[in-house]
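What follows are several structures.
Here chain A shows up in two complexes: once beside chain B, once beside chain C.
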Partner chain A sequence: MTSMSELLQHLINGITLGAMYSIMGVGFTLIFGIMEVLNFAYGQLFMFSAYTFLFLYSFFGGNFPPAAAITLTIYFLAGMLLEKTLVEPIQKKTPNWSIPVLMSTIGLGMVLENIALIAWGAIYRGIPYYFKGVLEFSSLRVSYDRLFILIVSVCTLLFTWFVVHKTKIGLAMRAVSQNRKAAALMGIDTNKVYMFTFGLSTALVALAGSLLIPILSVYPTVGSICGMKAFAVTLLGGIGSMEGAIISGFILGIVESITAGFISPFFVDMAAFLCIIIILVFFPRGIYGMLRRERK
Partner chain B sequence: MINKIVILLILLFLIIFPFFGGSYEIHLFILSMIFGITAMYWNLLDGYIGIINFGYAGFFGIGAYCSALLSMRLDVSPFLGLIIGGLVAGAIGVFITIPFLRLGKYAMCMATLAFSEILRVICSGWVEVTRGEKGLWGIPAFFPSSSATYYLVFLILMMGSYILYKIVNSKFGLAFMAIREDETVAYVLGIDINKYKLLASFISCFFAGIAGALYAHYIQLLAPAIFGLSYTLQIMAMSLVGGKATVFGPLLGSFILTLLPEYFRFLAEYRLIVYGLIIIVVVNLFPNGIFGGIYYIKKSIEKFIAGEDKKVHTLET
Partner chain C sequence: MHNPVLLEVSNIDLYYGELHVLWDVSLKVYDGEVVSVIGPNGAGKTSLLNAISGIHPIRSGSIYYMDERIDGLPPHYIVRKGIVHVPEGREIFPELTVIENLLLGAYTLKDHKEIERNLQKVYELFPVLKTRKKQKAGTLSGGEQQMLSIARGLMSNPRILLVDEPSQGLSPILVSELFKTIKEINKDGTTILLVEQNVHYSLALAHRAYVLENGKIVLSGEGKSLLHHEYVKKAYLGV
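== the complex of A and B ==
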């Protein structure tokens, strides 16, 4: 019986972690699906936004909503600016921009990581909790923080889904992702769509950065592993598929927390990556391909 | 003609360099050449056949650890270890590519990245053999003097670039490029895509393993971090800054990205920021790397001299 409740406990922890991975994966998959850009500065943006949030959180005296709102706005604008300065010049010069843009985001990641090292030093920072207290069902214990993170992430995922599927700009985004040239001919300003998409994706990662602080303390090099996870979630989900990214985010979170709980925290990354390889070998188009196949 | 003179001059410079270069410069040149070989053969995969290998540091690390462990535990000569390291890396490269052949371009990136991360975890966990995170130290060197090592690395670099040049300008190279441009068309033309992909993976990983073994016996220190993503990114940066789908571009990139940070030593801790900025600026100006940029400028000058109203063709890969 105890092992059963232990399993449930790990499942709950995995689901919270998975919610965060989903948010990051959706952000990553948006720019990948729509712009064919892999943003390898993603993890570093995550780290940077966590520091920004920490600063604002202490500035507002431990008040979550204004700090998070300002962080999101800053990173939405920063994302648009980055698209304008890093992606657009390359898109104008070459039709096959994915790899050059990937390289330029890697450069950006290096810059951000080293700025963080100089500005904040290589120490762990974090805040203990947003809300004190633990919710208890018989032997299960869920802290209010984890519940809060879960609720906010689910709302964010719903909101993103709404933006992409029910608004005008979302329609433009989907049109561009299907056929760039045809969309441009239909009068869609592709550059504007790209800027909005990049901004939205950066805002999503900023949200992940500000939410995750009580669970994961932040240090300058946390970005590289987080960026890798976002990339993994995207590819595991299937190229440019939001539903796939959400599901694979939860899968990865659950696999990781169960490995950490039952085997050893040392093997967490290994289990996650093994799981990715196995799924990709059998379903080359990721979870999205898996779902499509079942429907047929 | 001009190209040949330039290449000869560069070769001559590299040959006589150890006679006047300081020991630190020689060290930097050896490192540039080792990473140059790796970047060149990463480029064989990305630039010519269109496989993006994100786990390339894994193969570099396999060669390094293989050769280092053989020479430390079994007293195998480092020269033999070099070849064994290369062969093991090549074999694992083929073995790991077989299940990934069906994958798309980006899924392949993820799978190779996952592979190298798994290797890193294995390497840091298998303490009895690899000493784990403490790393291997006291790996036997090829030669006691660094200029002798310089010439060994130089020789292997020459061999590597000659072989790469021959491959690229042969029927194989054409097949590779056909696969890169359009797999379906290549298949219709009767090119056995899987065979060529495996062949390219073997050659590429073989040289990555050799470069890794050179690195291990030269630096004489190894840690599991060598399998990490940051090394792959470094190799990619060299390859792409130098020039995608060119034979010597990655070598140029490797020299630039190894030597340039040294000139920014006065910036102390801001050095790596500058390094990142260089990558951003170069890629923004020349999306096809410096070689692509040179090619573009050359074409523009030719057009200017000829006074023709032709469109300048950039190197679009």
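== the complex of A and C ==
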């Protein structure tokens, strides 16, 4: 393989991985941007949804659409329930709710991780592939799975963008994010908007959990590193910025697969976080700040 | 004779934590009126509007809107009933466009034709908003933001508009225009409860007015007669 086509190959792999990071980053940044809540159970919800999907996938005899549809529905509802039970009561009781809410999400993450350890044990589980086969153009090879992941991810990102920017509930979400009181004065039920946002965010991470299984096997602690990456993507993008999260997701994916390909797979996480640190030192508000030509 | 009572606040007390902000406040607004509440900074004028629109709970007393008790209801229910609060400091959505701000004002409406009609109506009232409709609201001037805030409040066809300090931060020419517009809105059939520090203009405009000091109603009467009341002249008009 020539080095040029090798580079292209890593780029393609990186773009697939990046699409997943984008989805996770968008989900994470959505609830921060709109509710100012940092959900540190995000990685564990990712892990849990992967197990859920795995169960449903075998239940339906290896049929992707129904398993994914049910997983997404479950996690959309679970996200709404979490908002109602873990976030809303704390927000109602104190104006300084951000740290208590943060702690309650960290706590939830620990509980989920331990349940997973007890229920499924510290074993790697996975699915070898959804669709067998590889697409080849000259020396480039893209598995059908990666192509599938990429298409579903891009559609999901477009769908999410559409919901936030072109629908009535999306307009309400953007209004609530800028001024909760004024939004309530417009007749918006802000609690409902928060629940919907949390549900959407959790459904996004569940989609990432369902899609990633052939690339990344599932084990109870897979959530911690993935959650950390979702947070990193969010920070790199400029916290609260959807566009930023999408771009930074792709940057992270590409950096990781190029590092894995040309240097060593051991350096992947280090390279990813180094890249994040460097960008943040120069642009503390991340990609979003970069696009807005942050001045000092 | 008076029209029927639209809004009746009876003996309400309101607290911020331990701080007693409104003391046994009562006030009536008849259908079709402009009622002003004047008083110094910190008298509780904004708290009174917050209590009516459901943003802040009251500790005791009651608020009735057309024979229906509304205290204790969340703000989004109260908006649906036709009571719209145009808050102090405009509180527009700066990152959204002018038209998005206006559409949010019509959030409770379902009928697209009605929304379109209301849009044309507020464009007629504030032509500058039409020319700025694609602009982000945060880029508007202070006066334009105030117009947007009122226009947004009108988008749901309110029966009664609660307007908090609309003249704040505006130049004298803009203030006089603004009061003319408020008068026009009232002539079109919207009842108005106006909280203002600009005593002269708001008393001249109001059918009736209340003076709120330290959380208590100390004086009430017809707007124009209060304008000539000895106490008001001395304390508020400096004559």
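List of remarks:
FYI, the second predicted complex is superposed on the first by the 292 of 296 C-alpha atoms of A that agree within 3 Å, B and C clash if a C-alpha of one lies under 4 Å from a C-alpha of the other, contacts with A are read in each partner's own complex, and residues count from 1 in each chain.
Following the convention adopted for this analysis, a contact is a pair of C-beta atoms (placed from the backbone, for glycine too) under 8 Å apart; a residue touches a chain by one contact, two chains touch by 3 or more.
Here the structure is a predicted model, which means the values were calculated and not measured.
Within the superposed three-chain arrangement, the count of touched residues of chain A is higher for B, of the candidates chain B and chain C. Using the contact criterion defined above for the overlaid structures, shared-chain residue A:200 touches neither chain B nor chain C, since it reaches no partner. With both structures placed on the common chain, the touch criterion links A:274 to chain B but leaves chain C unconnected. Of the two partner chains, neither chain B nor chain C is touched by A:67. Of the two partner chains placed by the overlay, neither chain B nor chain C lies in contact with A:80. In the superposition on chain A, no contact is made by A:246 with either chain B or chain C. Look at A:231: by the touch rule set out above, it reaches chain B but stays clear of chain C.
By the document's definition of touching, of the two partners only chain B reaches A:100; chain C does not.
Within the complex formed with chain B, the residues of chain A that make contact are 32, 38, 40, 86, 89-90, 93-97, 99-101, 103-104, 106-111, 113-115, 117-118, 224, 228, 231-232, 235-236, 239, 266-267, 269-270, 273-274, 276-277, 280-281, 284-286.
Looking at the complex, you find that chain A touches chain C at residues 168, 171-172, 174-175, 178-179, 181-190.
Those residues of chain C that touch chain A in the shared complex are 53, 55, 74-76, 79-80, 84-85, 87, 91-96, 100, 103-105, 107-108, 152, 156.
By the touch criterion stated above, chain B contacts chain A in their complex at residues 46, 52, 99-100, 102-104, 106-107, 109-111, 113-115, 117-118, 121-122, 125, 229-230, 233, 236-237, 240-241, 244, 269-270, 272-273, 275-280, 283-284, 287-288, 314, 316-317.
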